Amino acid sequence: MVAREIGIQSSAQSLLEQFRQVRARTLQIVAPLEIEDYVVQTAPFMSPPRWHMGHTTWFFEMLLKQFVPGYELYSEEYLYYFNSYYERFGTRIERDRRGTRSRPTVRETRAYREQVDDAMMKLLMDADDHSQGSEINSLTRLGLEHEMQHQELLVYDIKHLLCDQYAAPPRPIFRPTGFKSAMVEIDGGIFEMGYAGDDFAYDNEKPRHSVYLQDYAVDDAPVTNGDYLAFINDGGYQDHRLWFSDAWSLLHQEEWQAPMYWELEGGQWLIRDFHGLSFARDRAEEPVCHVSYYEASAYAKWAGKRLPTEAEWEKASALASPEEANFYENGLWGVSPVGSFPRGKSKYGCYQMLGDVWEWTMSDYAPYPGFKCEFDEYNDKFFVGQRVLRGGSYATPRSHIRPTYRNFFYPQERWVIAGFRCAKTL
Amino acid sequence: MVAREIGIQSSAQSLLEQFRQVRARTLQIVAPLEIEDYVVQTAPFMSPPRWHMGHTTWFFEMLLKQFVPGYELYSEEYLYYFNSYYERFGTRIERDRRGTRSRPTVRETRAYREQVDDAMMKLLMDADDHSQGSEINSLTRLGLEHEMQHQELLVYDIKHLLCDQYAAPPRPIFRPTGFKSAMVEIDGGIFEMGYAGDDFAYDNEKPRHSVYLQDYAVDDAPVTNGDYLAFINDGGYQDHRLWFSDAWSLLHQEEWQAPMYWELEGGQWLIRDFHGLSFARDRAEEPVCHVSYYEASAYAKWAGKRLPTEAEWEKASALASPEEANFYENGLWGVSPVGSFPRGKSKYGCYQMLGDVWEWTMSDYAPYPGFKCEFDEYNDKFFVGQRVLRGGSYATPRSHIRPTYRNFFYPQERWVIAGFRCAKTL
Amino acid sequence: MVAREIGIQSSAQSLLEQFRQVRARTLQIVAPLEIEDYVVQTAPFMSPPRWHMGHTTWFFEMLLKQFVPGYELYSEEYLYYFNSYYERFGTRIERDRRGTRSRPTVRETRAYREQVDDAMMKLLMDADDHSQGSEINSLTRLGLEHEMQHQELLVYDIKHLLCDQYAAPPRPIFRPTGFKSAMVEIDGGIFEMGYAGDDFAYDNEKPRHSVYLQDYAVDDAPVTNGDYLAFINDGGYQDHRLWFSDAWSLLHQEEWQAPMYWELEGGQWLIRDFHGLSFARDRAEEPVCHVSYYEASAYAKWAGKRLPTEAEWEKASALASPEEANFYENGLWGVSPVGSFPRGKSKYGCYQMLGDVWEWTMSDYAPYPGFKCEFDEYNDKFFVGQRVLRGGSYATPRSHIRPTYRNFFYPQERWVIAGFRCAKTL
Amino acid sequence: MVAREIGIQSSAQSLLEQFRQVRARTLQIVAPLEIEDYVVQTAPFMSPPRWHMGHTTWFFEMLLKQFVPGYELYSEEYLYYFNSYYERFGTRIERDRRGTRSRPTVRETRAYREQVDDAMMKLLMDADDHSQGSEINSLTRLGLEHEMQHQELLVYDIKHLLCDQYAAPPRPIFRPTGFKSAMVEIDGGIFEMGYAGDDFAYDNEKPRHSVYLQDYAVDDAPVTNGDYLAFINDGGYQDHRLWFSDAWSLLHQEEWQAPMYWELEGGQWLIRDFHGLSFARDRAEEPVCHVSYYEASAYAKWAGKRLPTEAEWEKASALASPEEANFYENGLWGVSPVGSFPRGKSKYGCYQMLGDVWEWTMSDYAPYPGFKCEFDEYNDKFFVGQRVLRGGSYATPRSHIRPTYRNFFYPQERWVIAGFRCAKTL
């Protein structure tokens, strides 16, 4: 594993503390699961919860192997089963076959976690005296960020597997906000985008660099279920003119008629989530969720708009407050209606840019000019065919994300907790 | 469910006893499993062990629904999940998606079994007073035979999932028998085949009817690992002349080089089974197992022979003793060497026709002349594209099988505990 | 190529004459085609007409290569393109890619035919003086039978490609025959089936051998469009109880609602054939055609019958007259109504057993007891998964067929000119 | 069909003349074909040449239908067969089944062209008097640009079908140029990109708008066969670190080892093209061709560079001369060595930016800010998943292209005449 300098200032002490917290959160997410739930894979894009537990541990074990002299591998079999896609660590089980194995068991996987945790904590405590201490710290931090990514994936996977069978906390009662969405206008010109701070950030957020923006307008809130219902009711899924050619094919092949997790019953659309089934029309103020890039784009075209680029999104998000946003730590296991966080709005008056739902942008996931790869096989091998999403979701740990954070998925993916807002060039 | 008269004489008492025994055996087979093992599906043709537990229960629940006035369905969801292929009971989960669900849990499935068992036992105790008592008894018996079929499938599935990770009893030590196989000659002429007794038998074994056989010879023992190794070493898997056209395509597509569960290491073939890995050459006297019909046919052609028809097989098996054969009750969880049951030989001198391995015949699975369907969707909807196997295996309950019993699988299937013996026309 | 003795007595003179005739007939079939028609492949199971022209020639070229010292291959490329499935002649183009090549052109393929014909005729004229003369004659005869098989396939393929765009002779006008079909009863007992004559027959028809038949009844005529319409109108394609499990899956996957080439328009079923489109109800007396084994079996079950075995069929066909039957030479390019050939009936009173449509039997395509392979890779590598059809069709050359002739296709195939009659055990 | 104002000043006279010329060129390209060549489809992405002839005609027929009162459709069947992907004109044959039809024949397709040409020329001559004359002229011009796109596709398809069997003019003899490639450095800052002229340009090239570039360097010539051989010989196709994750999967699945049309013989790489087979090492100075975006990106990473963005490419191409470039009109049917057009170099000293090979850029094919759709279903429905290529190839008509022209293909496509040059951020 190659790690170049990451400018983090956390002492061993705080990194250790962070290690404990992050590792504990994974266990907290899976705590309500039955043993059976841990091993099932519902779809090729999904992974069994136990796999996430093991894979995030495996990541740290590879680090131990690199830095602890004479470290002995816990198990060759685990190496094979818990590697995700890292070519340099050898062959591995195919992604869509992760659910064909019942062993290691959950108990064994927990034991694996514990042993690796012990070794890691020992390593971290001694890191300051280690000749490669700085690299150890950097890679540990990377491992924690990696684990937080998987915590979010765990939420997606558990939703796909169990949805309202998962013992989530009860849905909070939201009073209507009566929020009316509008577009805000933002001046163009040269904009500096990307990460330039000293804390942890992924290589794909760097370097900070200039881009030129035209004058543009952007929705001050995410598109809601109410908005999206109007699109559906207006025949949006039946009008080829709104869809990309690839999208139109897939829509027919998979018979899309609404976002994922929506169900039609007696002519009414219902949404199933962690809290059960409810009428979409009763949740009209909530951001629409589980739409693909294809659907977001079709909606935008229907609305006479387009999706924002990630530069436009990043500029519009300036000064948005992560503290006033719906992240994992809020414990909602669901979105909050638009207008719920009036104090979290950005400098330009945009609400809920952070938290609730990832927002699709029309930007291709590509390296920034001057990009330097800091982590092998982490980000750069995915620089083709995917779209950037921004802002995080209710399943994202707050401490994991930044306004410059670039998430990416294929344009057809709907299992992500993703929505969008629209923009237009002025 | 339609059941026509099955000529069984078992009193309610003994049927009840049989019910208890058969139901208990299913639980005995799964007892060594971890919870995780119950829910995983390793391949489209395999089912999770928990599914077998539920499906065999579902079968009895359908019976309760038919005969118990006001019977209330345990769960609509279970109906959907535990139905296998019965069209008349409505939609059901696709076979290859049985491993995508973690619920009902194992505990829930056990509770389902218990409740249905209680209701069934109550029904059986009162069956004599029931106006449809005879049909209840018949269908209960069918349900038990059905469950025994699934007990055998459970063994296949557990082998595919866990193989030597399953806590099977230790492998018995067999001393070399020194048995030398030969062919025995049998006169042709008219032969009466099929079931004509008064006990339970499937509709596909009836009616007993005349067929005309040419004079023929048949191996007095199953083909062994030693025999089969010679075929492999002679380039059998590389010689297109030995294979059916369909087989040759599949062989290349799936890269067959040996039976399933054989592994090549350092130029030596090893066999993995419930007891671990061992050299094929050290198990030369054991019947070869986990070969497809395609492979059995290629071997036979290589040996200048052919497979027997099921009529030839049935005639040759006359008077073979099921008591002197390796069935599930022997508790071996594996095959026994040829020559192990000298007193079990048939009237014509054929050994091990019963037990150890199912034997592929060259007969198409088709109805006998005069066939009458006794059970809807049980046997007759499979009368195309499959081959008959005879004799049972070490995973077959002894009480389940008869010499007229016809098992059937597709010619490419290898996960079955199946071997073969050869024949020729004189 | 291995040819064992075929007992034909045809002098070189008559074989030569036959050679000329058969080779000419292929050209006669393709004569109305446009150049474009020769190279197109409509489906994986279909071949471009030019391919048949070349492949039948290639067969003779392989014979020249074997028997003419110093024979030089016409073209390595032709060897690759025109081989069908013969493994021993090396790699070849995949079957479903035969339509991806425009070269050799039709003109070039004709030139190839001419050159090979010249060489063959020279070889045949001198065969009596050739040390291997008898084998040459045998294989030539095989080549001609092979070509006649491909002539029939050509008709299927041209139908699939062009149907009523092909310039077939006009449809003859049939007056209603008013024929009422019934079942005839035939005594069982030992029956000698298979070929035992001295003329050419395939190895798969031999040896003649005894089988035992139960008493049975068989339809005296093929099932008609009128009969089949009643099945369709009675919901036959919607009733799972009539179909094999494999058939029911395929029916849904391919959305079968009627035989191939039937089209639904305004609630009425129409049949498209070489003569255009016409109402099925106006052709109620014609044998139904282009049904799969699956459909034939479902119909039979609906009718309370079953399909005959090939032994039953063969016995029932005794003394049927090929001269009084609708074969290729009749020039009809279509079926004739039941009752059209009153003098062609068999000893047992069955009509139209020969010609018009191949008839599906319920028999698996398997070797007869005592089978000896006479031609490598010709018949025996297909002895799995297929069903026997008997009797020939309007596309079969009369001189090609015998009552013992065994044709075979997969049970799902519908592009064959195949129908059926029903039977039952008494 | 919706056409908004296209600022073309061509009088009816010159448009008519252009119409004649472009239509004639299509026939010139197919002139050397045999009839058989016109109807074959070699792969799903390829179309039969006759289809291009008909489709380009169909485009004009749709225009006639729109503007000629009472215009009668030539044939419903042609409408079905010759539509490519336009949803608004109804159902059409699936793209990958274009080779399953032999009709209409080539002769019929030519007759169709002639009739539509006559009607179009009449319409154009009278266009000035037509109330919608301006729109007619605009759409005619679009139709001609469309036809030129298909002329290029025709070359790709003919190459895939026939390669050196096509009667191309003989390969010209190039003397070694001894050209040594280097990188040129270009200052960043605000750059105006996109089309702003008055002549025809596609909507996707507009509007002209500002982008901000970092300082960068770019190769002054395309990467050559010689360069690419070094990459191959250095194990480029075996080193996962150079490839995108999606690329690495595809590379294994399709077993890529070199560009398309390269063949390995005796350890040497040969290139097959319209002129036959020759050693790659003997053509070391020619631009490499038939590489996918994946391969271009892997090469660039290997070389420590990256691909340019389309903005970088466009800026670098300033003042490059299309007259000094290898386009279709040069009649070469192949690439010319780097250094062949010294006077065609751009303002920044880059050679062969125009002609020879399309050049992959790292830019996603997406709308420019302020994009307005001018032609329904022409460009905008493809704004996802594809990469921009620039500069045209030896198969592009010179009059069809501009430096602002944006071509686009999926990143895995190799049948395009595409190469690349590299860049880096300074």
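A, B, C and D label the chains in the order they appear, each numbered from 1.
What we mean here is this: a contact is a pair of C-beta atoms (placed from the backbone, for glycine too) under 8 Å apart; a residue touches a chain by one contact, two chains touch by 3 or more.
What you are looking at is a predicted structure, and each value in this text was computed from that prediction instead of being measured.
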Chain-contact steps, minimal, separating chain D from chain B: 2
Distance between chain centroids, defined by C-alpha means - chain A, chain C (Å): 60
Between chain C and chain B, distance of the C-alpha-averaged centres to the nearest whole Å: 38
Whole-Å gap separating chain C and chain D, where each centre is the average of the chain's CA atoms: 48
Multi-partner residues of chain A (each touching 2 or more other chains): none
Interchain contacts, given as pairs of chains that touch: A-B, A-D, B-C, C-D
Chain B partner contacts - residues on chain C that touch it in the complex: 85, 87-88, 190, 209-214, 216, 240-241, 243-248, 293-294, 297, 306, 362-364, 366-367, 369-370, 376-377, 381-385, 411, 425
Footprint of chain D on chain C - complex, ascending: 34-43, 50, 99-103, 105-106, 161-162, 165
